[in-house]
Every structure is written in C-alpha cells, then in structure tokens.
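Just below sit the structures, each encoded as structure tokens.
Note that chain A is present in both complexes that follow, paired respectively with chain B and with chain C.
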Partner chain A sequence: MAMGIGFTIGIFGGLVLTHAAYATVQYRGVLKIVDEEFSGLPIIVVAELILGLCLCFWAALTVPGKFLSILPDSEENRPVALPANLDFMIFNHRGKAVNSLTNDKTS
Partner chain B sequence: MAVNGELGADENKSSDASNDLPIFNAENLQTNMKVIYYSRTFLSIIGGVVAGILGLTGLMGFIFYFLIMAITSIGLAAKAKFSVHSYFDCWNRIILDGFLSGLMSFVLFWTFAYDIIHIF
Partner chain C sequence: MVVAAEEKELKRLETQVENGGGGAWDYLCLVRKLKARCSHNVLKFGLPILKDPNSRSKLGSDEWTLYEQVAIAAMDCQQLEVAKDCLKSLCKKFPESTRVARLECMLLEAKGSWAEAENAYARLLEDNPLDQAIHKRKAAIAKAQGNISSAIECLNKYLEIFMADHDAWRELAEIYVSLQMYKQAAFCYEELILSQPTVPLYHLAYAEVLYTLGGLENLQMAKKYYASTIDLTGGKNTRALFGICLCSVAIGQLTKGRNKDEKEASELPSLAATALMKEYKERAPDKLPLLTSTVKSMKLFS
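This part shows the complex of A and B:
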C-alpha cells in the first residue's frame, strides 16, 4: 500500500522534472529572441526542480522495500509456522514401505 | 532426558559461536543491500537529470553528485531508524556501497539532459 503511494509520488516527481525541463527549454528560446546571455535559471524553475527532486527522493527511499533485520534473535526473524523451521520437517516416503515388504519376504 | 541433554548441548554451541563471530541473517542482509542499490541508482539518475537541467558544468556537477549521495546516505540511515547495526554489518554498507556505479549513470544522464536542454 505504502509502496503504491511511493510509486505514484515518484511518477509525479518525474512529471514535475519534465515540466521544469520544458520550462528551461522555453526560457532559452526567449533568451535567444531577446539576444541575452544565459546566466541562470529563473527562480520558479529552480523551485520546481527542488520540488521534483524531493518527490523522487521520497519515492527512492520508499519504493524498493523495507529493510529486514539481520539479527538472528529479533522479533521479525522468528519462524512463525512450523514448516518454516526445517527441524520440524518429516519425510515419509514409500521406500520405507518397500523395505519392510522385502524384509517380510526374506524372513 | 536425552532431549534435554541435546537442547543443552545446542545452547552451549550457539553461545560459543556468538562469542567467536557475529551471526546474522545473510539472506536479509542481501535484501537490504539490494534495497540500497536500487535507491542509489534511481537517485543518481534523477540527480543527473536535475544537474543537466540546472546547467551545471565541470566540477560543479561532481560536487552536486557528492551532495546528492550524502543526502541519500542520511536518508537511508533514517530509513534504518539510525540503528544501522540491526540491519547491516557495518556503516560502509550505507555510506559507500553503489557509489562508483552510481557515478557512471549520473554522468550519463547529466550529459544527456544537458545536451537535450541547453545545446539542441
């Protein structure tokens, strides 16, 4: 759920960055027409870039997933179901039955 | 009785091992490393695009990259709730991992965005 929200925020941040890029292209076009040198971006585009960067930052920190604890005795790492713990596995196979049958025959 | 004896032996063994070397869940460590790797790659790409739009050139771009990566490290540490040792075996995992490979994609997207926006 949180991952979906993070993903949406990331896409929105990407759109904001795209819009900032488009605004920059327009700005360069205007500068070419009025014959001035490029010295820096207008403050509104810089603000847009910072906003997009922050949104993408949020997405990058939430989307890839949660950190899992590496400590062997932490709460999260306990095997909750018995099959998760290999010590509790029981193997029953027909080889056992075949073995007993052959033993019966020979004896 | 035999079961009790075995359990006791097991406890002794595990406590011996924990005295000798730190134990951790390697599978979860791998997952955490992958998460860090994804975060860094994505942020270096986004940082490259932003640096290109800003029109940074030369040394300024690399300073920008170092800034982004520093903020990423802080963000990742905050994501681990600043108790790094319960998620990673050492601090270098958070601070240094994926730095150079991120630099490659940063430079690629930096030049790409700069060319598209400021040159063409």
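This part shows the complex of A and C:
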C-alpha cells in the first residue's frame, strides 16, 4: 500500500521533471522568436525542477524498502548469542535417552 | 554471530511452521545461516520435505544441502535409520566426495563406534592431510569419549597450523574453562578478541575468566573488559553491568586500607547500578526490590 503511494509519487515527480524539460525547450524557442539572449530560466520552471527533484528523492528513498540499522549496538544488530560450535558437535548427549523414550511412544 | 533481530525471526518462523503456516524451508535456511543447533526441529520440518518428491524437486540443487542438514540433525537425535537413508541418497549423488565420507564417519561416531570412526578419519586425512573439518572432528571424538586431555592436545596441534580458526579457539577456551584452567582459557579468549574485536561476547567471556582468576590486576582488567562489552552492546548486556558492580566491589575490598589516595574516583559502578535498576524496572519489576537491596549492600552509591 505504502509502496504503491510512493511509486505513484515517484512517477508524478518524473512527469514534473519532464514537464520542466519541455518548458525549458519551449522557453528557448520563444526567446529565439523574440530574438533575446538566454540569461536564465523563468522562476516557475526552477520551482518545478525543485519540486520534481524532491518528489523523486522521496520516492527513491521509500519505495525500495526501509533502511537497515548499521550501528552494532542497535536493537536489531545487538548480538545475543554465539552460534553453536557445530564443527565440534558431539552426539553422546542426553538426546539419546530422550529420543528412545519418544520413539517408544510413537511406535 | 546471532543478532537479536535474527533470533526473533527464527522464533517466529518456528511457531509459524509448528502451527502449519508453512515456511519450513525458510526456517531451515535460517537455522543453517545462524548455525543454530535445533536438531529436533530440523528433523521434524526437514524430513517431510525430503519425503515428498514434489517439494524436494522444487528445491533444485539445494536438495542435497537439505539432505546433509537432515542427516546431521538425525544423528544428533539418534535417529540413525533416517541418517542412513539420507547418506545413501547423498552417496549415490556424490560417490567420491570427502564431505559425504565425513558424514559417514560422523554416523559411526553417532553409533558410538569410536575406533572405526577414528580409522576412517585417518584414512580421509591420508588423502587430504589439511582438511580442517576432519581435524576438528578428531578433537570432537576425543571429547566425546571423555578424553579431554587428548582433545586439548589435538586442538593445540590443530591451532598451530590453523591459527586463524576462531571456532577452534573458542572450543579450546570452553574446554579449558570446564577444566578450571583459567589462565589458559584467558589466553584463548585473548586470541579470540584479537581476531574478532567487535564481538562483545568474547570480551564478556574474557572478563569473566579474569574475574574468576581474581587478584587486583586481573580484576581491574576484568572491569575494563566488562566496560568494553557495555560499550559494544550499548549497555544492553545485563551480565556485563553486574560484572562492573561486582568487580568494583572486589577491587574496593582488596584496596581497602592501603593507599587510600589512589582511590579510583570513577562513577562507572554507580552508573552501571543505575542502568541495572532501570532495566529491571522495565522488564522485571517484581525483582526490583531484590536488586535494590543487593546494590545497597554493595555500597556502590557513595
């Protein structure tokens, strides 16, 4: 759901940017007709560019997913246990006795 | 290293599979990734996948990994028939593999026929004298037979060749601790901290060994390592917080009377005690009076 919204906003931002590009081309065309030097973009196009940039930024940051914590002591990254030392696992433990009991029950 | 989020995920998946919600394969993958030893669950969830040809073929080449995983789990649960069946399929697929041969030796171990297993491992080592896993198994056999001293000898020999193997260092450290040979264990933990300085659990274990050894110098070192554990875990490790309190009490008792001017004007123990109180208040309010009286008797707050 949230991803859908982000995606739509991203597409909208892209459209805004394309429109800004289109407006720039148009503006230059008009300048050529009235025979004036190109000195800068009209303020409305600049505003459009900034808006499009913000929207695209926002979409790019939200759509792919959440940021993962990189701090080693954050709540998710906190190490809680060492892995079992499986290379050195040995089999003569109480599981033997427990298992013979459960086997009797099932068979 | 098992981090908090993954541990939670493992528990969630386990209950999900147990209640018939599916996701058995994800669970098994996570178990492999975390190197957790939940053999009964692996057997319970993995065997149905292997028995069903449909779901087995869906796994593709991962099928053989699952065979290996279930085989080891079955040995751990003493379901030797199941393990034998798994090994038979693996043997058919990879007739020349050392990895499968090692599994067969492990089956011998699980049966308890130590001499045969040792001979088999020796034969495998002839072909490939630097196979780390087999060297480790040899140490494990010695430990399983209760022959701890030869296990230590084996591990020491192994560590002379493969010094960077932190699992082996850890195993050796744990064996030494079980024999109360704390000095040797401390050496092993130093190696572990050197090779993986960001794992707070090694710092904690080292601090505990030093605290057990006792003596002023060791206690001060222990306090430092407890502090580094707290630093690395962001103060979430209750054991380290308690360690700080106990260390400073012990140091206080040892230095009582002599050179009073050198008194450590550190607020670390009282801070640790405050953090402990806060944590207890949040997570176990009914135990709080117990803690308060303990902390009071330690006289940490001046």
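As a working rule, the second predicted complex is superposed on the first by the 67 of 107 C-alpha atoms of A that agree within 3 Å, B and C clash if a C-alpha of one lies under 4 Å from a C-alpha of the other, contacts with A are read in each partner's own complex, and residues count from 1 in each chain.
By our rule, a residue touches a chain if its C-beta (ideal position, glycine included) is under 8 Å from a C-beta of that chain, and two chains touch if they have at least 3 such contacts.
Remember, predicted model here, so these are calculated numbers, not experimental data.
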| item | value |
| --- | --- |
| Touched partner set for A:Phe88, first chain B, second chain C, both or neither | second |
| Contacts of A:Asp35 with chain B and chain C, given as first, second, both or neither | neither |
| Contacts of A:Phe57 with chain B and chain C, given as first, second, both or neither | first |
| Partner chain in contact with A:Thr24 - chain B first, chain C second, else both or neither | first |
| Partner chain in contact with A:Ser74 - chain B first, chain C second, else both or neither | both |
| Touched partner set for A:Lys96, first chain B, second chain C, both or neither | second |
| Contact residues of chain A, present in both the chain B and the chain C interface | 71-72, 74, 77 |
| Chain A - residues contacting chain C, complex | 71-92, 95-96, 99-100 |
| Interface residues, chain A side, partner chain B - complex | 13, 17, 20-21, 24-25, 28, 38, 40-41, 45-46, 49, 52-53, 56-57, 59-61, 63-72, 74, 77 |
| Complex contact set, residues of chain B against chain A | 23-26, 28-29, 31-32, 34-35, 38-39, 42-43, 46-47, 49-50, 53-55, 71-72, 75-76, 79-80, 86-89, 113, 116-118 |
| Chain C - residues contacting chain A, complex | 1-5, 7, 34-37, 39, 72, 75-79, 106, 109-110, 112, 133, 136-137, 139-141, 143-144, 167-168, 170-171, 174, 198-201, 232-236 |
